[in-house]
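Next up: the structures, one after another.
In the two complexes below, subunit A is the common chain; its partner is subunit B in one and subunit C in the other.
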Partner chain A sequence: MNKALRNPVTFFLFILPGFILMTMFFIYPIISAVYYSFTSWNGVSDHVKFIGLNNYTKALGDERFWISVTNNGLFIAFSIIIQVPMIVFFSLLIANVRSLKGLYKTAVFLPSIMSTAVIGILWGFIYEPNIGLLNSILKLFGVDTIYWLADEKYAMLSILITNAWQWTGFYIVMVLAAIISIPRELEEAAAIDGASGIQRAMRITLPLIRPIISVVIMLSIAGAMKAADIVIVMTKGGPAGSTDVMATYMIKYAITNFKYGYGNTVAVLIFVFTLVLTALYQWLIARRSERIKY
Partner chain B sequence: MAGPYKFSFKKMLPHLILMIYLLVILFPFLFVLFSSVKHNNNEIALNPFGIPKQLVFSNYVEAWVNAKISTYFVNSLYISTLSAAASILVASMFSFAVSRMRYTKLGFILSSCILIGMLIPNNALLLPIYLLVKKLHILNTHWALIIPYIANAIPFSVIILSAFMRSLPTEIEEAAVMDGLRAPGIFARIVVPLTVPAMVTVFIVNFLGNWNEFLLANYFLSNDELRTLPVGMVGFRDQYQMNYAQMSAGIVYSVVPVIVIYAILQEKIIEGVTAGSIKG
Partner chain C sequence: MKKSLMLLVSLLVLTSLLLSACGGGSKQTSSSQTTEEQTPPQTTEQTGTEEKKSAEPFEITIRHTQVGADKQKRLAILTDVVKKVEADVEGLTINLDGVDSDVNRKEKLRGEMAAGNPPEIFDLFGSPDSKVYAKEGKLLDLTPILDELGIKDKFTSLAPFTYEGKIYGLPIGGSGEGFFYNKEYFQQKGLKPPTTMAELDNILDTIKKDGKVPLAAASKAGWVPLMLTNHLWSRYAGPDITAKFATGEAKWTDPNVIKGFAKHQEWVDKGYFKKGELGFEYGEYTTQFTSGEAILMYDGTWKSSVFKPGQSGEGMIGKVGFFNMPPVEGGIGDQTALMRDVNNGYGFSAAVADDPRKLEAVKLFIKYLYNEDMQIRGLVEDGVLPSMKLDEATLNANITDDLMKEIVAVLNSAQSSFPAFDALVQADVTTEISNIQIQKLIGKQTTPEKMAEALQKVQDEANAAAE
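Let's look at the complex of A and B:
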């Protein structure tokens, strides 16, 4: 009976298309990036010159590279310090209301299925200094015109707010699903014991949703390291490179300035940073939150 | 609502807070919608929050012509559909081999490799993929997006589809083998039809991902007629930046189809998108 499903040629043919695509678009690019990161190639000429670790020392010594690393860090910090508490708060609220649950869930999720480019355009309009929504609201409270995206003081914050606006609802729905899957008896038993709503949330729900919060943080880290399109659409890294993230810094060098080798060095560094962060997080924090079964 | 309904403050407070959150999410869309039926920037500045007394629909006509929305829309639609469908075909063949054929060890190794693929920050691979696409002489054609999109969606699709296929009982194959079917027949006639529900989810997620993709679409195509909706919209904004009323009409065009699809398929979309991220 196993013969039909134990044919090496068939197995090979079924694997092949996926294998070729994965090799072409995952394995080859990684090898290629590492290879060119040691060269000063400009991306067009026939001549490829090896320069050892020069690109790496240049990147690690470049102040603008570190500004972009810091901005990736700000993405992570903003999501952990500001978004995660909001996510938990709002999912608890939605889980505990009797009516309109579906409406809230549908509405908060909406921005996360839109294209980041269009969201960037939309928020660019909201931040517009003279006729934008935000300054129009602030004017009611007597606040002077703020140049949200053109002022170094506010540009990064404006991007972070837009990013949070787009993704908070997505995570709320994820956490909400985890809260709803907690058996009702646990809450009921606590209620009979006289625990108040807030006590139940703090003592029962929160500890039980720790694994999913850990997932949210992991995803935020991964998302923060990938961030690029929102920056390109809203500020193009400006003013004066103050909102560049690693990916946009890489693109600026490689595509705009024909420093292909150096761009690949930055790509490898993005890789290494992401791996280190993910591994550190898994090792320090995620390991401790064990699986929960009901 | 039967019986006396008590409006207690304690009961209404969560709703009040949630309504404020909803307002923050939905008002930007309304702001754009209102702005799109105003004459010009001046009218937006004078009356930023409300609906204008006189609705101006000419912005929609002009935006449609100036922004070539129909071209971008068709490009996005067919690139996203084709790539999403092709990913499912490739991924379901792969998943079938690793989950249903009798090569358990090899299958396990291959699917673990695929899992690692999900951890790779794919924006960092933009430059080598650019080079690869250039070497294949497909730069500045739609293939430059379609093929990488197919490849990008494989890890997620394989993870979901192989998990689903693994959960199917082995008896179905035994019966099929008795009937004389071979592996390709079992795949096409038995496993694929049973996997359709998972495929729908995977298709939606892949389609949305392709529909919204910006980086590759921005750097791999230079002809305006080839552009996809997100890139075309950004180009349109850069060109007509001073005319916010018209730009708002453009935003409405690009947002409405997504909202309509979301309204119809929201349960599937939410389920698929969140499942995808957790597995990752």
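Let's look at the complex of A and C:
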């Protein structure tokens, strides 16, 4: 370390560029969003009228907003209860496969490099009621035509499956990296001691990759809270608004209708909800499994 | 030594950062600087105008949405107009700025309006957009220009672009909505375009019994089925009823409006629409019809461009007909009324008024774009209905396409027209009916009565907020 960095002026100059960028692209937008969330701004006018907490009471009292919040909750629940166990399961399988590991890794990773629009079309074909893949298979078992995206009972589930398909591969690659970085000796020692494959997976590998699983869960929560594109391409929030999430609610009920004040309110709510959820998760669960020492 | 070097480097970083920040901050000056830089190569391209240029060069920008292969014909019309205006105004260079329609409408133009720097001429939607911008004083009042050019009364309707009695935009074209039908199938089965609702019901029933889909349906986006519902309630409750919702003179719960909703649901119940419609995209709507699966399709006249050589409906050229919604027994008001929209066109920045030369250019742009020739070109080349009143004989002389002839005949036989609901009610009501209620009606999660009540509730709130 040289003397220059001990000089407060130089030190300040060095953090200045980063600070300016951070302010411009992060702090300022958040402050302005909070500011406009208390107004009835239409997105165009020079005159901004303060309406206090009206936007917030409106959003929190709107049944449709809560349907959207619930759907975001479903996204989270689906990823934690179904997606994460599958990610771990497949990662373990791929990590222990003897040949073609590269092929499997590429194959599972492929969906996450596709654009959501493409995935929407792709799965649109799979869910197509008359000639779609899924119904054709179900027909073999005598199941009647199911209108996956048109029926309120199945629409949300269809989106969740597609979303899981899109992102599972990405997380698998993350978990795989963690598994591969576990020192080989640990497993070998356990094997010599007579532990079976399942025992080794449960007792050795799983505890050692807990930190990365925790990161995967946190990323899933954050991703689920801001989900929008997949809903827009698959159902547009329909049928009858049953698959709306907070972000699509914001677009439909605020942005499209020249209600930028209200839109900012919803955006702030999404931000707060996400912040609280991830903070809670970090605080209660993730903190305990942060460090692993071999 | 090291210390001074470090300070020097940090100073350099800082100054370059500050300079770049200044460059971005003052938009007005920087943009005029860049335009000056850009002008020389552009003027060298047009060597013809170089010599006679006594006036100082200036530019205006036209934001259009004619992007992509299927809008080439429309773009050609615009470029022709641009050339004429440039030739007439000394020193003028017109920049064409093409942006996707939805991006322009919902993001770019709105952002520019908020920042106060929209292009001089831009693609604009009538309702509700033009009213919001006009209220904020962002749009040029066109009333004096139209008076001067004498074309104020030439338009079929300027209502969507009118705010407090002044005109702020001009529709480029229009569209009408009605039933496209498979002529070949109709002939085979001995069917004729209906003249009453009862006849239409019979036709639908016959097609259903024949094992075909009577009506194409793709209701993932609510506006698609709503075209039909809108026309139905306007038949039962009168073509002018929708305009009265926003003023409180009429209510959605009017028994006749409910009859319209009920009719739509009745057709759903009878299985007249393609099943699973709530999951289909608008693109599939046309496919159901062109593949021969569905016999009727309720859609806008813009769809006629599909039935042209090289387009997806090529195989049906000469086999497609068009008829208006038939009159209903006991329906209120004009039973020939056609649903017509003139909601998209051009608007002009209010800043143009401060610069007489730009104002002159705008005047000429309007003069060259909004006239009989261009309207007919739009109709013949692009299948867009005229937004201006045209002489019937001239129209007929120019149309060679059979389907277009039928469409124009329907247009002429309709004694009146009315705009679609979304040009008349507040955005909140549009959101409620197109995102929630119509899909509930189709999915049988609501009744026509409950739907009307839910809509009236939102309507009341919107009306109260407007006061």
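Operating definition for what follows: the second predicted complex is superposed on the first by the 265 of 294 C-alpha atoms of A that agree within 3 Å, B and C clash if a C-alpha of one lies under 4 Å from a C-alpha of the other, contacts with A are read in each partner's own complex, and residues count from 1 in each chain.
Everything below uses one rule, namely that a contact is a pair of C-beta atoms (placed from the backbone, for glycine too) under 8 Å apart; a residue touches a chain by one contact, two chains touch by 3 or more.
Since the structure is predicted, the reported quantities are computational estimates derived from the model, not experimental observations.
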Q: Would you sort A:10 into first (subunit B), second (subunit C), both or neither based on which partner it touches?
A: both
Q) Of the two partner chains, subunit B (first) and subunit C (second), which one does A:127 touch, if any: first, second, both, or neither? A) second
Q: Return first, second, both or neither, reflecting whether A:252 touches subunit B, subunit C, both chains, or no partner chain.
A: second
Q. Touch check for A:235: first (subunit B), second (subunit C), both, or neither?
A. second
Q.
Tell me the contact category for A:43 with respect to subunit B and subunit C: first, second, both or neither.
A. both
Q: Check the residue A:152 against both partner chains and state whether it touches subunit B (first), subunit C (second), both, or neither.
A: second
**Q.** subunit B versus subunit C as contact partner of A:59, first or second or both or neither
**A.** neither
Q.
Once the two complexes are aligned on chain A, which partner has more residues of subunit A within touching range, subunit B or subunit C?
A. B
Q: Pick out the shared contact residues on subunit A: the ones touching subunit B in one complex and subunit C in the other.
A: 2, 4, 7, 10, 14, 17, 43, 124, 130, 255
(Q) Help me check something: in the complex, which residues belonging to subunit A touch subunit C? (A) 2-4, 7, 9-10, 13-14, 16-17, 20, 42-46, 64, 124, 127, 129-130, 145, 147-152, 155, 235-241, 252-253, 255-258
Q.
Taking the touch rule as given, give the residues of subunit A at its contact with subunit B in the complex, in rising order.
A. 1-2, 4-7, 10-11, 14-15, 17-19, 21-22, 24-26, 28-30, 32-33, 36, 43, 90, 93-94, 96-97, 100, 103-118, 120-126, 128, 130-131, 133, 136, 165, 169-170, 173-174, 177, 215, 219, 222, 225-226, 228-229, 232-233, 247, 250-251, 254-255, 260, 263-264, 267-268, 270-271, 274, 278
**Q.** Residues on subunit C engaged by subunit A in the complex (per definition of touch)
**A.** 2-3, 6-7, 10-11, 13-14, 17, 21, 106, 110, 113-114, 116, 128, 132-133, 135-136, 138, 220-222, 275-281, 427-428, 431, 435-437, 439-440, 442-443, 445
**Q.** Residues on subunit B engaged by subunit A in the complex (per definition of touch)
**A.** 14-15, 17-18, 21-22, 24-29, 31-32, 35, 41, 44-45, 48-49, 90-91, 93-94, 96-98, 100-103, 106, 110, 113-114, 117, 119-132, 147-148, 150-152, 154-155, 158, 173-174, 177, 181-184, 186-187, 208, 211-212, 214-215, 218-219, 229-231, 233-234, 237, 244, 247-248, 251, 254-255, 258-259, 262, 266, 269-270, 273-274, 277-278, 280
